[in-house]
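The first chain written gets the first letter, and so on, giving A, B, C and D; residue counts start at 1 in each chain.
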Amino acid sequence: MPDPVTEALLSELVIANRVLAREGVVDDFGHVAARDPHDPTRFWLSRSRSPEIVSREDMIRFDLDANPENPGHLRPYLETILHARLFAARPDVMATVHHHSRPVLPFTLDPSRPLRPVFHLGSVIGPTVPFWDSQDEFGDTAMIIDTREVADSLAAALGPHPTALLARHGAICVGASIPEVCFCAIYMQENAAVQIAAEARGAPMFLTPGEIEKTRKMQFGERPLNRAWAYRRARAGFGPL
Amino acid sequence: MPDPVTEALLSELVIANRVLAREGVVDDFGHVAARDPHDPTRFWLSRSRSPEIVSREDMIRFDLDANPENPGHLRPYLETILHARLFAARPDVMATVHHHSRPVLPFTLDPSRPLRPVFHLGSVIGPTVPFWDSQDEFGDTAMIIDTREVADSLAAALGPHPTALLARHGAICVGASIPEVCFCAIYMQENAAVQIAAEARGAPMFLTPGEIEKTRKMQFGERPLNRAWAYRRARAGFGPL
Amino acid sequence: MPDPVTEALLSELVIANRVLAREGVVDDFGHVAARDPHDPTRFWLSRSRSPEIVSREDMIRFDLDANPENPGHLRPYLETILHARLFAARPDVMATVHHHSRPVLPFTLDPSRPLRPVFHLGSVIGPTVPFWDSQDEFGDTAMIIDTREVADSLAAALGPHPTALLARHGAICVGASIPEVCFCAIYMQENAAVQIAAEARGAPMFLTPGEIEKTRKMQFGERPLNRAWAYRRARAGFGPL
Amino acid sequence: MPDPVTEALLSELVIANRVLAREGVVDDFGHVAARDPHDPTRFWLSRSRSPEIVSREDMIRFDLDANPENPGHLRPYLETILHARLFAARPDVMATVHHHSRPVLPFTLDPSRPLRPVFHLGSVIGPTVPFWDSQDEFGDTAMIIDTREVADSLAAALGPHPTALLARHGAICVGASIPEVCFCAIYMQENAAVQIAAEARGAPMFLTPGEIEKTRKMQFGERPLNRAWAYRRARAGFGPL
């Protein structure tokens, strides 16, 4: 039986599902996972269900090879292994998101013009957003991250960065907490939309590396992060804390 | 009196109307039809009413020349014949959609730059989206598919494909089930929007034929299709199954 | 005391206000008027209030010089004279709309690239959308149609057409009924958005004059017009008829 | 204890928070402040909370160095000093907004192509929208206006104008009242979106200086401003006055 610390995490994870759905970052597809607060070799993820309608009863605990514990009749996402291998590769990461945000998708179609922070809040995506293409190692596939081999390839491409693009597919975000990874995913979407609009006008300015580093650190500080999380929770129907 | 199998289909058809309206694929205009589960020479379609407000009492059964059975005072859509001739031409098809999705419309204005899958979920539109123009055979018309001759011309252009464009008008989608044709119509709309945004940045990548084939097959498998249908039903107000 | 015929018209006029607000054609600004059903030298228009919150008590009857009858404490729109002079110039017109629809606005900024039907439903705007610029006759103004002289200039530019553009300002639509003018304003907005998206991809196709003529006639027939009006009313909260 | 005049202002300030959130001008971030009606050396601003969920109890009174009076446990916005120094620099200003409106952001990425009124309602942004870049005086920063030095630099760039852009960050708006500054912020967003769409088609027309001057004056007159405020309040859930 999960303890209060784990139950609190699972409540936050359900809310994260609803937040990302509310903000249009995920829809029928896409998912968010969180590492177990007591056992770093375990993580939590919903069974195969769209984030907008996920609830506590959908949550399954997995090991880092995506083996479910006690799933009963619940069927996991085909891409559970994606999250498993990110948690395996990144001990600093406590929460992960996989999404197909529509403003981000054009950036998955042209590696020569990367996604880069164009406003201060976009700094959360980091200075470098790697571009991973399943074609490079695997040729024609069904374009789903459903094996350890493919997931490890993607995790290697992510490296130490907070976000990465999957060619012709979507993106991943990782963070030190659920609020942080949601902030990252939401502002990855916002930054992408602004960058597209700015590029249509001509060559935009980008944040300098120094600006990205200083701004990122400040935005993930307690006051901005708490304010953002309270706002997004409220919009998703979970009322102010 | 319709039997339980037919009643289940008609409930699903009403929900499909609401789903497509909710997702903005159809609005005052546009429609979705389903082949009768017992008699392949018959199909069901609402009387002339916008999908958002269609209900069970609006449903009429037609033959493949769009002759209504027992319509009473209900007046059919002027384009009922469009669906009739698609069901006649395609024995593999169990559900059809005609729409004027706004992101798709620009692709109906330039046959030299076809709609093509640009992300994995867009694979549902198929590798080839034929372009049909009423001008070619019929010159200036009122641009409505309301005769057998025009509908058969369009069905011939569709051929074996899942989707086709109607110049300066809209599109059609066909599928093996109601959830499948809705998934197809929704992701036709999504793919179109992403392709437009990507083209504005330069020449995007497209899915390879191998990727389209493998991804399409996987996306129409039970788990993704069920998840998508549960999500879209819920958004349209019909609660989780 | 208004009779049942007039009361029915005023109900329809209130609903038109809400419909155009719901569809984003009007917002804080913009208005819709209807000619009196008994006296062609009179018309009805709300006092100065945003369409989304207009109700029966806001309605004032005016003559064709915009003189209000019995307004009490209600203050009319500054642009009431715009509608008055349209009704004066066009005996065939029974309803008018003035709006600043955002997709339409870019077309008010470049007379060399006119708004033209790009899909069948856009045929309602007519084959020609005149471009009127207050600068031509009046130089620098406060850009509001608040005198008889300016309104008559605009009406002359409209001529026999169903729609016209006001440079750097917005547009007008006229029709034979309230449902017709709403259909026209809504599809003017839709066509504008599609034309902008299509032009971004390259040179789009346009409807031929023959297609516009035939399609317009068909779209304003009873079945399409009734279906559209029922849909828009329902979306605005006025339930199905 | 605040008097009725101050209480009325604070109610209006809470509503302004909700209005700007409802119109998407602000979201998790962004804020609106108002000068004290009795003491011009004081102003009111919420504690650090997203505008959509701000209420009366969040309001704190500050002096023009952003020192809070009696904040208790409430923590102010990090950018409180931005508003303080605007009120200090501009005795004519009674309300201020700082936002990151997404349509406006592309204009913060290219000083060579300024934001300019493209339709009559856009005249509220003024004929000149200065462009301020923290890099010029401060090099790489965390891109937040949280010191007196940075805030005074921004206020100096604003000069006598109603709006200014902050490079790679957002914008500020100032006005003679809360309804006026909200009208300004909302139409800054609207004008930006129209200008971007128009530029994509080619070189748009802009309002002349004479048009801007005359139109601005008229739009901030009682009837248009009251109508707009009633509309925006109602959309934010505060019912018609």
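As a convention for this text, contacts are C-beta pairs under 8 Å (C-beta built on N, C-alpha and C of every residue); 3 or more make two chains touch, one makes a residue touch a chain.
Computed from a predicted model, the values in this text were never measured in an experiment.
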Intersection of contact partners for chain B and chain C: none
Chains contacting each of chain C and chain D, listed by label: none
Same-site or different-site touching of chain A by its copy chain D, using the half cut: different
Size of the rotation, in steps of 5 degrees, that lays the CA trace of chain A over chain B: 90
Inter-chain centre distance, chain A versus chain D - centres from mean C-alpha coordinates, in Å: 32
Where chain B and chain D are represented by their mean Cα positions, the distance between them in whole Å: 46
Touching two or more other chains - residues of chain D: 200
Arrangement of touching chains [line / ring / star / complete / other]: ring
Touch relationships between chains, expressed as pairs: A-B, A-D, B-C, C-D
Parts of chain A lying in touch with chain B, wherever the complex brings them together: 27-29, 48-50, 52-53, 75, 78, 100, 102-103, 105-106, 108-110, 113, 135, 139-144, 167-170, 196, 199-200
Footprint of chain A on chain B - complex, ascending: 118-121, 123, 190, 193-194, 197-198, 200-211, 213-215, 217-218, 223-224, 227-228, 230-232, 234-235, 240
